[in-house]
């Protein structure tokens, strides 16, 4: 029940068209989603520029298309993560304006171009070439959510001068997303060089005692450089969203 | 805002004492706890016979006493779990009717004796002598929540005839709580002998590759005997509550 | 040796046709399964309405068919879990009345329709679309075991108003099965809203630090909402059985 | 070598007082810390309002005092985390203006009161009473770093209406720090209610399969609510710093 | 109901003193422990020379004394493992013939000296000095169960010639118990040198990535030398029992 | 250098055909395998009846054939474990007398039939149908090493009367191999019923919190029934060898 | 900015062609990579004989070729690790002098033959046949980096005389790389026989409780033989590099 | 049997004083330790300058003194690691020349001062103040084994310029020991700056998801900087030994 309907009900009470008791009954039935929080959610993407998001993994192409259709009908921008190429192909047959990055395994169905609403630059750093898909997922997500985004690649800590060559860019950024697998040390080094929020994204790149990204995850959680916060392994999308919220906070 | 106050507001709208717009403003401010769910919670212990519970671990004696006082003032029965003897002593100075089981590390402050409201017998089995504190926590909790409870002790699976000697009791029970450490196999055996709900409680009893109860926990989760559900390691209280809910479901 | 045969033996002793010593010899040989517990097992499904169950994973189609045949010959209802479509196809060639849910990877061979013997409603909630196969396994199992079952889907905690929209249904249920992957928080929230038994089912849905469902499993075991019990990751079947036992306890 | 000294050297080259070769030699010896990044560090606390921080755990009282003295001489505000009461007492004998929170195990030595430089409100939520020390560490840190901070306590998800009673405060916050142990679900619920950055802090509160906070940590990393980032278990200090950086980003 | 009583009952049926129906009733009540398996257990220690065992850890001195008294009354030899010195002192006040090894944390209350009933020599090897308590627990247990036992100490694999100096003893043994912490490699080396059963006992000796004996445990489970079987970390008692059973198998 | 050659050398010294110095030089070069231990190894399979074993996993068909040829030339019986059907086919082309069990993934190349040299019966029990491949690997290995072997299948603990029906067989066995996945409780129950050595074999059968057999492994290591020793997950071969060594110890 | 350019700048200041202020501006812009450390890196492979290395796993053939081209253009020797045969084939079409070891999954593109610059012999030992690919990766890497390398294979500790037959070779080596899976005990034994640096390489060979090489890794980290250092599971390349650095240190 | 005795035996054969058969018998009895390897061990510390080492943890003061006495009698330098102050005090009463570092928990009993036999400088870096005890254990061990050692402290990566200020020292070192807890990234950064062997030592410094040093250990094992090898958590001693062996290799 939105404010208008609530107001109308009260007006009818006020006008003697509905008794207080009947109104009470109606109010008791009033579903939660008509209250404040629900509205936040319902109009969330319109208000905040957040696209609607579908987590593609573990869903069939049919399920994805059905969900996307219901969202897209509402004229929302739609973002589909972890979408493999085959399902993307099938979805494109339904949504001609679907755009797909095979690199980031991410599809977008845009109803309007996102405008830049973030205050500053979101800088996405990737430690190695193999970390690029996750970094690109983060970068595309942040762009879609209305941020200016730049990318710095291949700046692992074992050749730390490569990172330092980008120090102007590091200082320019308002928020930094730092993507690394293996020993996951890059976010700590970066956070020691800037005084801006650093979002660390561990990746599953590695082998053996990397344990699917666990080593990088633990390293980032134990960072001795304060100001680092961490998202799940390979969660480029989550990092992109968090950076967007920070960039407009 | 409880129904009475809501009704009064609507009556004032109806009477023209409050405009629809002003009523709308007041309704917008209406705190969530005045809606249905909140009331469920507020009167929860009175309606269901559930005592109010304080998790004693990690709280100072002062904190425990303060919380207990606010609850007890409301004439609720209060249950304090994981309470060591020193804190219990200090609390008893404040609550003369506090009763303490050093064995189960559990205190109760009763305003009225719990009456039996559970449908059948709750049977608590413990595999070994060292498992008794957890078993007793479960048994006392279930009793406090209005159940007839019986205890069967020292029926570990390595001498399985000891368990079988209690088969009549096993068949009589409506709900069974089975407490075991080490390899944690007792719930599986029991569940194969009855067709009633079995709540498995792993304990931290063991050493080495028991890993603080992990071995027993995993064994219980992997039980090949359907009908077994599991609670946290050493969580006798939780098992007692679950058994109570089942016994009146 | 069933009571009749035992009685006959004693009668022959009484009649002098068998000596006490010979009877003793025969009694020593008496197989365990002739005693009470064995009978419980033998007639278990007839008495309790439990179907016979085959765990399909890791068995060949031939093994499954052979076991199903021996069970079905006994006029039992048969439930086959974790059955892939190919094996289901081969089994259907043998059992024409086999019914298969590709969604829940579950087959049934029914000799008689299960009648409703559970006392109340079993409500199955799933946090996300990807959790549906496990939820459906739980729901179908509970239905097959004689319960009225309803399903509520896509009520994850990050949009908690969607859950609250179903509060009447939550209150109506006698037993709740709550299925969730990722952070596995839904059972805690649900258990805070009802005072009925909640069976939590973690799923392997997730990635990275989900570790195959470990994150959800641990969250559920550590639920701060008493009354929650937990089954193994993806164990929809086990949850369905436990709910059935609770619902007729 | 600061710019002034570098400029002086160049001036002497320009004036012919130093040859190019000699200047080259001197520049080769120029320590790294005289370059740009080093200066960022050297004057870091003055520029950004960050206090100097000493991690108190695993250091002797003597070591802590010695480090604090060298920092305090530089007229910095000093923050000492994880400081037990005994060491705090000894340090106070040396630093009369040392202020100590036994609750948060945190000491401060202030040379000037921190002024509010953060843009908005930092809101710190704690799920349970036992989580308060970590929450307070976060809150005090954020205050010391120049933020308006408010606290909301005891809003665990098993009584979710208590959280909802604070929805205005939730909406008012610019950054949220959410502290929870056990199943660690609170950050997910909160993040579903706001569109601001949420920093999740798992605590070691719990027992059994909590595994010292691992359960809460994993739950937060797997949050289905985008926008959540996570710090180490019990790392209230890190959350406070991250929130400060976000709040002035 | 032992055979004598069963025989007596049948005799009374045969004599017409008890009807077949009454006998049937009595037999239905016949507790499981009167059947064959139970007798195995009841007379187990007398038949096989196994002492009765009390796991001392996690039991109070009172509980231990009570259990020991009930067992000792039956004229059994009693073995108490993981008994600390204080509890041992209290138990000795009750059982004057209690003998205690502070080294192995093991007490015995002997009613008769164990005679040698094992076929061959049980050889107990310990890799390092710190492994001796566990090794001694194994050795004492095996002696108490009637085996000739010899000990070889300090033969870690990093100085492998020390092991080889004992090759005659290795060849002489019928069963070998090999105790090692840290990397736990000794059982593999020993098993490559003999063709007798080797029981590997990992100990919790070590630090860091030993993880309380996990490293040694995993090494032993993965032994490339066939014929090695493993018991729990620090489970000298279990190894002693297994060796005894093997030595008389 | 075998004894004959050593004796010949000494004879030549004795005869003055070789000087002491030259003999010393030759002895210094004497390879280690000519010493005592080496001989044990060299003639190991002939003396003890142990077949030569090739671990098939991770080796190419070519490598397997090459190793098998070198062994088989020595007239040894050869056992190849973890051999898939394709490689078995290729090996059979080279060794016409190769016999392959697709069930146990195990091939044998026999030069002589193994004769029974074990003292008693080796009994192999499997908890479930899915555990049969591992159980069969154990049984075939024990047979090949000269033991009388019998198999008891499908005796999981959730229907414990099925196990008890075999109690005569349990008592007859000299050594028992007990194979179980999931909660891995069968070895504990069996060890409580017999007083013979029990070798527990965890299998990777299970799902979710079975963690690839870890749950069963931990349960078996923590068995409260003394006398149980454990081998690696799915290591039927190792159990068969250990049982053989015990059976002839 | 290299010394020449820096010198030229200073010369122009000295000559009055550039003012001190302008020079200061230019120096402020001076990129980090023009300083000493950067140069170390830039000419690293030329100075030290280290080849340029591409980690092939997780990169597409196109990415690998592109990186290899940029490196090879600089006339460096190039080493590509973890390269599967298909990608190797595609790369060979571009680099005709690419040499590929399918065994070690390692490709080299050599511009000049590596000359021996290591001081002594690098000895690579492998415990089992299945460990050979990792051992070969280590050996080829060390050869490419200018070391004399020898290989000793199939010297697992369960037949320890096979290792001892190579004792002269063990003593001859300057650095030893010891590769082992399963229980990973070989490095400890080897390190007890030599007084040279031993680099331990755990492999993922094994099954069950090997947990993908974790068992071997932990065993090696816990080696009781001092002097052992460890690299990641299956990291033959890293071991080869470390051995090379040690051999020229 | 040393070469002299062997030669004497052969001489007696040659002289006809011993028959070939008798000599063969004596040779068969020849203990392994008389062969080459054993001698290596016996005279190991004299030849190589390695002190004799006692691992103090888990040993009583009496055991330590007894072992130390037997070693010291042989005129060896003795090193006792992980020795607490109380035991050190008791040992000093026996060995007046015992020197104890309470910081590194390490005692030495020197019979002669170690002379410098290492080729170059061993540089020990510690990331934080709390890592100093482990670093000092490494440094003292290396000094005792005859190396020139220098220490660089407090160079954590979050203020990386502090590390760079020591670049000349980094380049000067022949072997580097890098000690770090928390995220353990320092060894990777250091290894990227030098082309010398780097021994990484993870410490247990940290909290929460540090898991007792596991995070640092995994980070170091996954280092993307080749040339890094790793020792156990807190194993300063092992790092010191490995550095010594490398420094004289």
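Order as written gives the chain letters A, B, C, D, E, F, G and H; numbering starts at 1 within each chain.
As a convention for this text, a residue touches a chain if its C-beta (ideal position, glycine included) is under 8 Å from a C-beta of that chain, and two chains touch if they have at least 3 such contacts.
If you're wondering where the values come from, they're calculated on a predicted model, not measured in any experiment.
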* Structure fact -> Overlap of the chain D and chain H neighbour lists contains A, G
* From the options E-G, F-G or D-H, choose the one that repeats interface B-F, i.e. more than half of its residue-numbered contact pairs are shared. => E-G
* Structure fact -> Note: chain B sits from chain A at a C-alpha centroid distance in Å of 39
* Using mean CA coordinates as chain centres, what's the chain A-chain E distance in Å? -> 59
* Asked: If you look at chain E, which of its residues touch at least two other chains?
  -> 32, 35-37, 41, 128, 159-160, 164, 167, 192-193, 208-210, 214, 217, 221-222, 226, 232-233
* What chain-chain pairs meet the touch criterion? -> A-B, A-C, A-D, A-G, A-H, B-C, B-D, B-E, B-F, C-D, C-E, C-F, D-G, D-H, E-F, E-G, E-H, F-G, F-H, G-H
* Structure fact -> Listed in rising order, chain G residues that touch chain H in their complex are 36-37, 40-41, 44, 47-48, 50, 53, 119-120, 164, 167, 174-175, 192-193, 195-197, 199, 217, 221-222, 226-233, 237-239, 241-242, 245-247, 249
* **chain B-touching residues of chain D, taken from the complex the two chains share** => 128-130, 159-162, 164-165, 167, 205, 207-210
* **List of chain D residues in touch with chain H within their complex** => 31-33, 35, 37-38, 41, 55, 57-59, 63, 67, 82, 202, 204, 212-214, 217, 232-235
* Please give the residue numbers of chain B that touch chain A in the complex, ascending. => 3, 6-7, 10-11, 13-14, 16, 19-21, 23-24, 27-28, 32, 35-36
* Of all residues in chain A, which touch chain H in the complex? -> 127-128, 156-160, 182-185, 188-189, 191-193, 206, 208-211, 214-216, 218-226
